[in-house]
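Same chain, two partners: subunit A is paired with subunit B first, then with subunit C.
Up next, the complex of A and B:
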């Protein structure tokens, strides 16, 4: 246990020093890693605990971003209003749409959420009075915490990651709570869970709403970081890359979500140094992960640990 | 809303619908044969169309030979995907979701490869049957669209005959309905699964080649065709390739009638909303009888 505490302390120290020692573009990527971790966390909850493939996260990410952009730029309201408005709208929408759509299962549900993302992306494009269309909304102010302006990546980094840690704590509590137990019962045998009078539909909707909340928060954080939002950021492609985060990292593990977020933010950046071929390599890397590591990176780590423990046990015996 | 306007919308709807039908039939054939939802079905179309474009313009092949080359490219990529990836993952009993993610990854890879090797420009193909148009009650339909519809209907009928009359088609059906049972009667189940991917590749490529003279092809076309083909297949009940033809036509007509009813910019919104509503209310597809998972 002490060694575990030791490693947590080391990780925290690295986390605190990191933005000051790396170049600005890396610090910028680390901000994005935090934002993507938040968005991916919600999808991980759905995928790992409910077996739901959510391909609609860009919808809620977009709602959060546009709510922040519209409230601060068009209406001149404080940025906190944008965060809250985005969260409330996203959760309400997730509830209203989630109730009917979550009755679907398997491929049909995946396709349903994908269709939702395609609809949202078309509406973001068409409702240019609200979203600015392809021209987007620019000039979104940097966040200001009681006079301390988070205008550099190294400053914003801490804010984003503290929000991310808070979301992870919420997710962890949810999983360890009564709700989490019901989720596990539902995932392992939905019929048995239903016979124990667990409201499966309500449960799945609740997790979907939490996922939308995380997506919206991530979107608001993104808007204040990039200062500019346009339809290109909220397409079906973005929904797909959000889904990749828990898939690559491992859906049930919080370090896995962070690993997945690092993968989808850093890998394209490093591969892009190789020239135009980088998108092909990214696609191939994804295929390789899906084929070779079905439980994601964290699943592989777990297997290596189990293998080493078994070997050590074998040596002792 | 005049009669000619409605007729024009019907023409456009049937034309687009036939393309969705071809892509959707390929998707349904693959799902029927392997229980894999192929999220790269639209990439087959892009590969088929791009190969045809390159053979025609760069290699100087005659048009029919270039079309055959495009269809062959779709078939080969389909076979390669099955042999290289799906077979291995099926052996490991991979989940539904991992197959979906695999094909999403392959779709990203292929689309990026086309961007890298061919470039980001769109390309057109010459229309079949020349540039002429047919005018019915002031509504215009291109000769190419008539060819497209005729080929689409022909492909649907051929596919039906293939599944019901030929030994290979019947073996494919048997292998998908009961793999163990089929294996005991001497059917090579793995090879049948490869054939379904070849079939899916050819159908996808045909859709892509036929739509290119109308809207052009570029590296981004795949995702949209996959989504529409998916919608067509689901409307038709997913396991029934012929249902996908009905589904595709329905989708095309709903879309184009929505354009005259609402606005052209809401075409995709209407199409995908219809898809979601039908999946929830009519889980067996609009034909209803075949059942989602059954034969």
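Up next, the complex of A and C:
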């Protein structure tokens, strides 16, 4: 227990110092890691606790980003309004769309969410009066916390990560709650869960709504960080990279989500220094992780721990 | 004193493809009783069970639960009304521990909203504590304490069966539907199961039991024999065993 506390303290110290000691572009990537962790967290809840593959997160990410952009730039409203508007629209859409498509299971559900992402991506492009189309919306103001402007990556880093930690705490509450218990039951045997009066459909829809909330929040944070949003940021490709976060890191583990977010933000950046081959290398790295570590990076950590514990136990005996 | 029926099946008929699996099945389950359903494989026992518990909607007939028509209600609603089943192959939540499995059984006794759970409000924490206490007591009662923290996937068939029953009973059912509870169990475990059925019935839980285990079936007050979707004989076990049609179609003598 004390060693656990010690490691948490070390991690927090590293977290606090990091943006001041790394170059600006790395600090920028760390901001993205925080934003992606929030978006990935929602998908992790669906994947790890409901067994649902959600390929639509870029939709909610886009809704959050456009809500923030539109409210602040076009309407001149405070940024908080954008956050709330994005969240409300995303959650309402997730509820309305979730009800019918969450009746599907397995591959069909994954394809349903993929279709949602494709449609949303096309609409972001078509509705240029709202989204600015490919030209996008620029000049989104930096966030201003009671006069303290978060205009540098190192400043925004703390804000994004505090929001991310809050989201993680909320996700953890959910997993440890009565709802979390019912979710895992449903994942293991939906037949038996139904016989114990668990409302499968309602539960799935509600988690989908929470996932959309996280997606929208991440989108709003992205808009205020990038200052500019356009359709390219909310394509199906983005939905896929969001799904990769829990797949790579480990869907049921919160540190796993962060590890997955680090993977999808940092690896392409480093590999891009190697020239045109970088996309192939990223693909290979991805395949390697998925094939060799089927339960993600955190699953591998768990197995190493179990192996070491077994070896220690063996030595003692 | 004849008890009011807790469950009434009236003229139930069902078909899969061209095959008539159930033909005008009619019987009552009196409140507080143990009713058995026997019949060879393919006689329609499990289909009837699926109809009562809500997994299948029958093509013909009606079912009333405590005097109210049941067939339009979802599986969940039937469960909340106190009608709980087990499965022919025990359906435990494999990746969860024994204790968590039992906790799931208690979940329907409490109500929290998603928002309360997300924010871990005092109400949500209180309910979780209640669920834990109930599950703790149930583990004690069903002698699952030693297995408490094992994943359910590691249990033997007999342990799974008891876990499934514990999980169903902790939710305070009025009518418990047991589907082939003795399958895969050894003689000692069947004896143990028998004791549980009698004890739970003594506590006021009505039991509808499907089995082709004649030994276990002696706990039932009334037994109905299904043969190719029809009830061919009803009565207590002694009567059933003497019935020439039952001997012919079921016992094969």
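General remarks:
Operating definition for what follows: the second predicted complex is superposed on the first by the 317 of 317 C-alpha atoms of A that agree within 3 Å, B and C clash if a C-alpha of one lies under 4 Å from a C-alpha of the other, contacts with A are read in each partner's own complex, and residues count from 1 in each chain.
FYI, a contact is a pair of C-beta atoms (placed from the backbone, for glycine too) under 8 Å apart; a residue touches a chain by one contact, two chains touch by 3 or more.
Note that the coordinates shown come from a computational prediction; the quantities given were computed from them, not determined experimentally.
Taken together through their common subunit A, the two structures put subunit B and subunit C side by side without a clash. By the touch criterion defined above, A:116 lies against subunit B but remains apart from subunit C after alignment on the C-alpha atoms of chain A. Measuring from the middle, so to speak, at the Cα centre of subunit A, the directions to subunit B and subunit C differ by 80 degrees in steps of 10. When the two structures are aligned on the shared chain, A:193 is found in touch with subunit C, with no touch to subunit B. In the superposition on chain A, A:107 makes contact with subunit B only, while subunit C stays out of contact range.
In the overlay built on the shared chain, the residue A:179 is in contact with subunit C alone; subunit B does not reach it. The partner of subunit A that touches more of its residues, comparing subunit B with subunit C, is B. In the superposed model, A:312 lies in contact with neither subunit B nor subunit C. When the two structures are aligned on the shared chain, A:279 is found in touch with subunit B, with no touch to subunit C.
Superposition on the common chain A brings subunit B within a closest Cα-Cα distance of 13 Å of subunit C.
In the superposition on chain A, the residues of subunit A contacted by subunit B and by subunit C do not overlap at all. Those residues of subunit B that touch subunit A in the complex are listed here as 37, 85, 88-89, 92, 94-98, 100-102, 104-106, 108-113, 115-116, 223, 227, 230-231, 234, 265-266, 268-269, 272-273, 275-276, 279-280, 283. Against subunit B, the residues of subunit A that register as touching in their complex are 47, 51, 53, 100-101, 103-104, 106-108, 110-112, 114-116, 118-119, 122-123, 125-126, 236-237, 240, 243-244, 247, 276-277, 279-280, 282-284, 286-287, 290-291, 294. Looking at the complex, you find that subunit C touches subunit A at residues 53, 55, 75-77, 79-80, 84-85, 87, 91-96, 100-101, 103-105, 107-108, 110, 112, 114, 117-120, 124, 127-128, 131, 164, 167-168, 171. By the touch criterion stated above, subunit A contacts subunit C in their complex at residues 170, 173-174, 176-182, 184-185, 187-189, 191-199, 206, 210.
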